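One structure coming up, written as structure tokens, with questions to follow.
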Amino acid sequence: MTSEMWRARTEWPLAGAAVLFLLIYSVQVILPLSPAESSLLAAVNWAIWAVFLLDFLVNFGLAERQWRWLLRNLHELLILVLPMLRPLRLLRLLTLLRVLNRAGGDALRGRLALYVLTSSAILSYAGALAVLDVEQDTQEGNILTIGDALWWSLTTVTSVGYGDHFPVTVPGRLVASGLMVLGIAVLGVVTATVASWLVESVSAGSADDSAAAVRQELAAVRAQLAELTDQLAAGRRAPD
Amino acid sequence: MTSEMWRARTEWPLAGAAVLFLLIYSVQVILPLSPAESSLLAAVNWAIWAVFLLDFLVNFGLAERQWRWLLRNLHELLILVLPMLRPLRLLRLLTLLRVLNRAGGDALRGRLALYVLTSSAILSYAGALAVLDVEQDTQEGNILTIGDALWWSLTTVTSVGYGDHFPVTVPGRLVASGLMVLGIAVLGVVTATVASWLVESVSAGSADDSAAAVRQELAAVRAQLAELTDQLAAGRRAPD
Amino acid sequence: MTSEMWRARTEWPLAGAAVLFLLIYSVQVILPLSPAESSLLAAVNWAIWAVFLLDFLVNFGLAERQWRWLLRNLHELLILVLPMLRPLRLLRLLTLLRVLNRAGGDALRGRLALYVLTSSAILSYAGALAVLDVEQDTQEGNILTIGDALWWSLTTVTSVGYGDHFPVTVPGRLVASGLMVLGIAVLGVVTATVASWLVESVSAGSADDSAAAVRQELAAVRAQLAELTDQLAAGRRAPD
Amino acid sequence: MTSEMWRARTEWPLAGAAVLFLLIYSVQVILPLSPAESSLLAAVNWAIWAVFLLDFLVNFGLAERQWRWLLRNLHELLILVLPMLRPLRLLRLLTLLRVLNRAGGDALRGRLALYVLTSSAILSYAGALAVLDVEQDTQEGNILTIGDALWWSLTTVTSVGYGDHFPVTVPGRLVASGLMVLGIAVLGVVTATVASWLVESVSAGSADDSAAAVRQELAAVRAQLAELTDQLAAGRRAPD
């Protein structure tokens, strides 16, 4: 079995596992759980982790140049090992984004816009969860409910930043930093998409005009050549 | 009567109804009303609703592929049914924006800029109204007058977000989310319009130079061809 | 004397008057003045106003189609009449911006960037002055010194909006609205300038390659034609 | 020794000195130091200053048109003389940015993006340090730890501006102004890079199509010409 075949077959199951992970993390953070429920969810989480680990190992085994592959996929190894720290576990969602990127439409611009908007929606939700996770048990924290967290996340990504809610712990601020940078990226892609569409629509007309004029001239050249050929043929026939 | 004819005839009356709806909603939210006045305005509102319902039904009746049409216009059906929730009623203004889009100028860039700026002015005002509607009766709310609401709306759309006023209820935050996303779109369109204009103005010169050089070469080719044809004709005539 | 001659001659004196007006307004707002000083500055202000009024009347008198001119320059009339309201007097600075626009460099992109940056610097300062003017005497105002006002103005134009200082009066909020919209415009122009420069730099190479290839082909066509003409000439000479 | 040779040889040592300066300034601002430690670090700082002064003087000595060179490098002289004011000393980091610009990649777009992102990371950190330096000893200041300073710096550069921390002194606000303007520039470059990439990717296809069509026509013209030459040759041979 080649590396490509394995990836093609595991793509959707892995995306499903990432979605399941996000759902379980949501329940863990938002709802008050009994110890039994907590243990159950933790067990499912470890199972998902094992699935991702297995996928990583198989990909490593199937790679042609294994050490080069490892170097290029070091970030995936980090995602697997780091999740001991709870909020960082969400980085596993990057697997989901990879599938999104492949499953997108054909046109470059539409695909980029769709990918960025879907990714930023998922990351904003994940960021809200992660911040709620670390802030809700802090003494002086002000992000205490999932509603506050989602609202704060949106004001951050859109760079509005009212300041009615904000993280006060170091891990919360790290997640917030990610969301701020994400906001810059989202704004950049939205603007660039509109600009690219406008530039193309506006310039298409003038470029087409210019190309049409050149091709019209070329057609005239060919007509002149054809006439010349006819004249020559007639000239050669006439003296006979 | 075809679907196009109906749309052409009802376009302006429907836009007028949407404007009237916005005016009535403004009065309902901003001014203190006696029960009699409230009843009157509610009655007019229901009449406007009936007009939109009628338009929807006629359009459905005139459509060629009715179920496909229904699927494509599901959002209009939702706008008609949902307005039980007061702030969502403002979605009816989308009818007005549709007319704006048609009534815009000819040039693509100017039309887009005009459409986005007018739409965002209307939506900012409507957002301010909707937030004032739900926040002014809340215990811990801080958006209590139409002045506060308009000021808050502008700081949100421009992504400034001082945080001196902000919504605290779930419906208010939903409306605010819409305004934040609108702000990203406005910024994107403004930037893209300037960028497209600059790119076109700057590149037009160089593209014209390049095209002119090619066409000059082509003219030289045709002159050579004409000379050749003359030579041939002279050659054929000379031996006679 | 034609309208153009008058404008060319009065351009710089009027810009000087606008700068003088800004200086006087700064002193009026920032420094505590004795009644005598206040009267003096007010008198100079009225003199400046008279200069602008004179310019407006002369331009009206020299215009070819007077009523059409009046309609197109209605905003200048408003700037002349409205200044009863103190902060709106700053609109007179638009005269200064008009001069800036003419005095800018030659290249389109550089001129636009220079114009927008200079204008926004002047308008940010003027906005700070106007807000300080109306807010410093308000009970619950929090913009009390020129330092606060400049700081608030910059956080507004850059859309940062900390919320440590913000206007609370209606005129102050109107000026703030202008600064927020200015901020969107500045961001748009900065981004568009960089984008246009990048697009031009990157696309210039590929467009040149393409044009060079076409012109190389055309040169080959002309070489073939020249050879054909030589052959014909040789053929006609040979039989002789 | 020419000016270019001196610059090429001193580039990396000067960048190293700038990094060392940033490290020492970090320790001075963040850690509580004993008088002996303070004196040591101040001495090293003066040594670095002497290195930059020496470089400036040698460059001045080697310059061809010395006064013109001085005028063009006035900002470097200011950076050398001004550092009496502690936070302004960070301007010396501009030397480091100059090296970054030269050491960047080859492609224009990638190089610009890399340069801007690295520069803004360094400047954000330096801005946080400078603000902490001046704000931590202020009575009513609210930026008291390096964590607060970095967090504030990021909310400022991304234009989020929660307002939970903000500078209150004049030097602190000046540094903050620089960071806000930097934020506008970063946003502009990020957006412009994506836009330029999109415009190029989208337009490349259509431009290639157009160029290919023109070159196909030209190939047909040359084929016709070749056929005509053959006919002529055949015609000349036939009569023999």
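As written, the chain order gives the labels A, B, C and D, with residue 1 at the start of each chain.
Heads up, the rule we're going with is that a contact is a pair of C-beta atoms (placed from the backbone, for glycine too) under 8 Å apart; a residue touches a chain by one contact, two chains touch by 3 or more.
Keep in mind the model is a prediction, meaning the values are calculated, not measured.
Student: Through what angle, to the nearest 5 degrees, does chain A rotate to match chain D on its C-alpha atoms?
Tutor: For the C-alpha superposition of chain A onto chain D, the angle is 90 degrees.
Student: Regarding the chain B and chain C pair, does the interface count as same (over half of residue numbers shared) or different (under half shared)?
Tutor: Different residues, largely: of all residue numbers at this interface, under half are found in both copies.
Student: How big is the gap, in whole Å, between where the Cα atoms of chain C centre and where those of chain D centre?
Tutor: 28
Student: In whole angstrom, how far does the Cα centroid of chain A sit from the Cα centroid of chain C?
Tutor: 39
Student: Touching at least two other chains at once: which residues of chain C meet that condition?
Tutor: As it turns out, chain C has residues touching two or more other chains at 159-163, 187, 191-193, 195, 199, 203, 207, 214, 218, 221, 225, 228, 232, 239.
Student: Of all residues in chain C, which touch chain A in the complex?
Tutor: 159-163, 191-192, 195, 199
Student: Quick check: in the complex, which residue numbers of chain C touch chain D?
Tutor: On the chain C side, the touching residues are 147, 151, 154-155, 158-164, 186-187, 190-195, 197-199, 201-203, 206-207, 210, 213-214, 217-218, 220-221, 224-225, 227-228, 231-232, 235, 238-239.
Student: Under the definition above, what is the set of chain D residues touching chain C in their complex?
Tutor: 108-109, 112, 156, 159-163, 166, 170, 173, 177, 180-181, 183-185, 187-189, 191-193, 195-196, 199-200, 203-204, 207-208, 211, 214-215, 218-219, 221-222, 225-226, 228-229, 232-233, 236, 239
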